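Shared between the two complexes below is subunit A, which has subunit B as its partner in the first and subunit C in the second.
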Partner chain A sequence: MLATVRSYALDGLNGYPVDIEVDTQKGVASFEVVGLPSATVKEARNRVRSAIKNSYFDFTPKRTTVNLAPADMKKEGSAFDFPIAVAFLASTEQISDEKLGEYVLLGELSLDGSLRRINGVMPILISALQKGYRKFMIPSANAAEASYIHGIEVYAPDNLADACAFLGGLKELVPVKHRLYSSARAVNKYDVDLRYVKGQTLAKRALEIAVSGGHNLLMCGTAGAGKTLLAKCIPTIMPDMTFEEAIETTKIHSVAGILDPDEGMVTVRPFRSPHNTASLMSLVGGGSKSVCGEVSLAHNGVLFLDEMPEYNKKTLETLRQPIEDGVVTVTRVARSIEYPARFMLVASMNPCPCGNYGSRDKNKQCTCTYAERKRYAGRISGPLLDRIDLYVTVDGVEYDELRSAPAAECSAEVKVRVERARAVQRERFAFDGIHVNAEMNNRLIEKYCVLDEASEKLLAAAFKRYSLSARSVTRILKVARTVADIAGRENISANDIAEAVQFKTREPGNEID
Partner chain B sequence: MSKGDSYSAAEGVLAEYRAGVLMESEGYTVIARNVNYPRIGELDVVCVRGKLLVIVEVKYRATDEFGDPSEAVTPSKIKKICRAAEKFIEENSLYDYDVRFDVIIFRDGIPDHIEDAFYGSWGV
Partner chain C sequence: MKLTERRSAVLWLNAVVGFGSAKINKLASAIAPEEIYADPARFAVKARELIGESAGKLRFGKSDPKPVEDIVRTLRSAGAGFIVRGDGEYPQSLENIDNPPAILYYKGDVALLKSRCLGVVGTREPSMYGRQCTEKFVSALAKLKVTIVSGLARGVDSVAHRATLESEGRTIAVTATGIDLTFPAANAVLSEEIAAKGLVVTEYAPGTPALAYNFPERNRIISGLSEGVLVTEAGMKSGSLITADYAVKQGKELFVIPSAINSPRGAGGNKLLKSLQAAMVLSPDDVADALGLCAAPQEKASAMQLDFTEERILDALSFSEVSFDDLLSVTGLGVSDLNALLVRMELSGLIRKLDNNYYGV
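Let's look at the complex of A and B:
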């Protein structure tokens, strides 16, 4: 007999429906899975057989064919175990197929018949909802993910027997309760705070500007000065994620399988810091399965590259396009997938190979030659440096500063100012289709970065003095706009320009003493 | 096998006979024994119960010298049994039956009945 069960599969972040047809005939016992299954899907039959037997159903040998339609898409993952088992039971008439058509079934089976957690439930539910599916059955371990999506009815049974009893009307299951995003929102889940960063006033100011306007930041400083600690504080001053942002990030994390099973949602902005041995594929995504990389995992958050010159040069250069576009298209022979990758790039580096150049400590003076310093700084290419709006030198702190300085401003206070600056930008760009100053194009710069006479003069002088490029000037204007927004000024003043200029011109290797 | 091959072969025939008796005692009806299709394969015991056709492969070993007897049912052996079973079903028009493959193992003369021991196509 034939039975059909509806399931769902993922192609990148978008799902497509998969019909699972199971046909059982009399004849020499066999169990074949067709429809371009991957090894994981083929192995389903072993799990299905054991799960059915251990759930006290009958697995009398039949000539069984399982078809996964559409047959021309490669099926990955273990989410088909559960629907295959249910379809088998329906086709051998052990459960009624009356209610089967109403549900989309997803889940991996354990040998004892219980349902195991699978990856990618959130994006599947969202795209299935868009296609008009309303009722789902998923493993109970995935219930948290499903609870944030409204307009659907999700049942999360613990095991195959419960699911079948429910489908047969023998047992009632309670649909997964909807949760509100606000209830899950992070109150303070960060274990760092700007308050604990002593001194570093200039660097903190740079962080605030960078976060307010979505600018990229490069911190340059001696070893142990606190660059990493500062970077870790960035998420604490970033504005709270909106529900849409949280959904976007959760989708990616769900597919990557790094979602917290209890939370079910990414409520804290991601802070990704891949080690400098990171491969090209791990950073931008790829492989035969076109999986997403670190740039996508950092979507709506921070991508922190510690010791930037130590990264493989080729790897770094691949970041140029995602920084600019905010998306990565991972193209392989089999398929091409677009992953969002709108992140804030924060990088850190030493000023020279020995790490002491520019140190205030008399005993720790730089021993590198001019050429060595130049070569070190040159490992980061010009085009990449050009995409960074703010350079800040992080000096080591003095002992007095470290031990006795009064408690600094805490992250929450800075965050208030950031939120205010972002609100100004949201209002300004309401009809321009962008969110932050960093995304302005030349037309918008012309429109929103109007300079008065004094600031015009200052910029002209800076242009001459530092031999700025045309692109650097636009970057300076954007940063100046952000500085003015933080201060709540309508127009850019000469002070704002001055601050932007000094953050832009301190780039590594650019020795201006 | 110090006692000589002829003795083992005799024991093998005895084991197949005893397997048939065991199946009858479990309520099956033996319909064929030692079905041999040259170059295709052979079936030791064939029996039915209701609408279920059971093909039994009998394995015996005098000693454990050559490993557990159940290991003697290799993928190539399974393939041969399946082909022979298809042929048997065809010849006797048994299309209306579910087909199950069992293995009965004799270890030191003690039978062990493994129901549903293998599948025709499982991609072993």
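Let's look at the complex of A and C:
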């Protein structure tokens, strides 16, 4: 006879319901899966067979057809094992199909019948909830992820037998308890702190501004000056994630399968640092399965590109669109998927191939030719540089300073200021659909970056003196807004503009003559 | 652009046949160029005696006027003109040197060639010190109505041209490429500005790319045009030493600004001083006195009101370049305030930001 079970599949971050129909008839024994299954889904039959037998159910060979509807969408992943097994048991009348219609079933089966963790539970649950589904059965290993979503009833059985007993009314299961989101868990997990970075006041200030307003930052400095250490300190001053942001990021991490199973939620802002050999697809996403890339994994967090000129130039250039738009659209012949990618770009580079150009150390003088330096700096294109709001030079620290300087401000103190600036921004953008200053579009800039006469004059002078581009000016305005927010000023003052200008001039590779 | 027979002939020899000034001068010393142009075959034997095998290139001449017309059209579309020896605009100063340029292509005010000129040359990679000295000397001297001649190269040359333009003086760029090209390409904008407000001049035919052997040869024109040559900063292998050499041979004044003895970028200039070939100059007045230029009226001290902190910063920077971190402790300001103050001071031209968060005056 025929049995139907409801399951769910993902297309990018959005889900769609999948009806799993299993029909068993008399005839030559077979087990066919139709409805555009991928190889993983086809293999389900082997797992289903063993899992059913090892759960002490009957798997007498029959002519079995499994249909995954809608039949024209390609089905990926192993989440259909569990619903297929349940539908099979229902169609062979081993369990009652009375309550089957109420639940959405998801899960991978192990050969012994236990349920295994799957990817993408969070986006599936959110998307199904929006479509009106309220009751779910998922593997117990995914329970943590589900616990943060309110308004649904989730059961997380350990194995197929328990699930069937529950569906047949023979056993009670406790629905997954809701948890309240708290970002406090993230505290003090770091082994770096701004306190240990000696000197570098300017670079630290740049970090603070960048993090406060979500601005892109480029650190340029001689080898060993401390660029990477500074970058590693960024998570220590990053503001806590709001629930909304955490959900956005968790959805992506859930799909990518890199979610911490115990935590069930991304509570710490992601800090992604792909190596400079990273391929284009791994960075922006794509491939035959249209997976999400590092830019999306860094959503609401930081994408750190150490030694930026060492990356493939073409790879770097693809970053231009996500930096500007905050989303990546991965388009393949079969489908087009949009992944959010609102990240803060932090990059570091040496001033030249030998790494010593501009050093004040007599023994560390640059040996590169002018052409070599130009070529090196040229690996980062002008349009990409233009999209970076803050440039800062990180210079090596003198020994005295390194050893004797009083301990600097610690990360926690900086973080307090960052949080304050972010709170101001949250309040301001409450009805604009964005989180930070860096995301302001031209309309919002006009609305929130009003300049008085003195600031206007200063900006005009800077525009002329430093040959700024139109885009640079909007970037300066955004940074000035952040500087004012850190200081708690409602209006942007001339000093704020001046400081923003300071971080936008002297881009690397732009030597005087 | 009037095309007399003589002008067409020299243009033909240089741009169509491809002879340089040396060969053209040799030919012109025996035969008038216009006669060769009229009938090259007639002078084949004589030309071979004068300039050897390359005389074989002398063909067609006036019977085929198209190539010359093409060149004239190219020049016209580039907004350029040319003068040859004997033209009214051709300066006497160049007639006096060894191997005067037979033809000069130019863009801009050709009359500048006859003004009082000072060559300013130096390394392509100047230190901050070299840059500052060049600016200081050039802007002071440009105000004394002396035309600054340089070579449009990177580094000191560009600084000299820019400083002249900024102090609204006049400048000549003697280049080593065709008049329709700019080398280095990065100076294209500068070159246009010089053409608009001064003069760009070259002895090389349109289309000549940057060829290494043309650059030293070009230097004789820089020194030739000038009453004196000022070397602001030159390393041991700097091309400006060649210019200095020409200046000495041509009997011009040679001025050198001394550099620190441990500075490789100024070693060439210091060597010139040690060998007593050049006069050491310590201020723009030294140059002005030697050239007999009347001193400019003393400029009034800037009326800008500086506050206490700004004074302190300027004080600190007057001794040496100072890092941002050190300025923090000097002024006692917060990072944010100092940042803003430094940008304001830079915008008003009091200080400037250097590499690695250092500041200088």
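Methods note: the second predicted complex is superposed on the first by the 475 of 513 C-alpha atoms of A that agree within 3 Å, B and C clash if a C-alpha of one lies under 4 Å from a C-alpha of the other, contacts with A are read in each partner's own complex, and residues count from 1 in each chain.
The rule is short, and it goes like this: contacts are C-beta pairs under 8 Å (C-beta built on N, C-alpha and C of every residue); 3 or more make two chains touch, one makes a residue touch a chain.
The structure presented is a predicted model; accordingly, all values stated were derived computationally and were not measured.
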Which superposed partner A:T201 touches (first subunit B, second subunit C, both, neither): second
Touched partner set for A:A462, first subunit B, second subunit C, both or neither: second
Contacts of A:R471 with subunit B and subunit C, given as first, second, both or neither: neither
Subunit A: partner with more touched residues, subunit B or subunit C: C
Contacts of A:K42 with subunit B and subunit C, given as first, second, both or neither: first
Contacts of A:K131 with subunit B and subunit C, given as first, second, both or neither: neither
Partner chain in contact with A:D496 - subunit B first, subunit C second, else both or neither: second
Which of subunit B and subunit C A:A29 touches, first, second, both or neither: first
Partner chain in contact with A:P61 - subunit B first, subunit C second, else both or neither: first
Residues of subunit A defined as touching subunit C within the complex: 199-202, 204-205, 221-222, 351, 357-360, 370, 393, 395, 401, 458, 461-462, 465, 483, 486-487, 494-496, 498-499, 501-502, 505-506, 512-513
Contact footprint of subunit B on subunit A as seen in their complex: 26-32, 42, 45, 59-63
Residue ranges of subunit B in contact with subunit A within the complex: 52, 82, 85-86, 89, 95-101, 116, 119-123
Subunit A-facing residues of subunit C, complex: 124-125, 131, 154-155, 158-159, 323-325, 328, 335-337, 339-344, 346-347, 353, 355-358
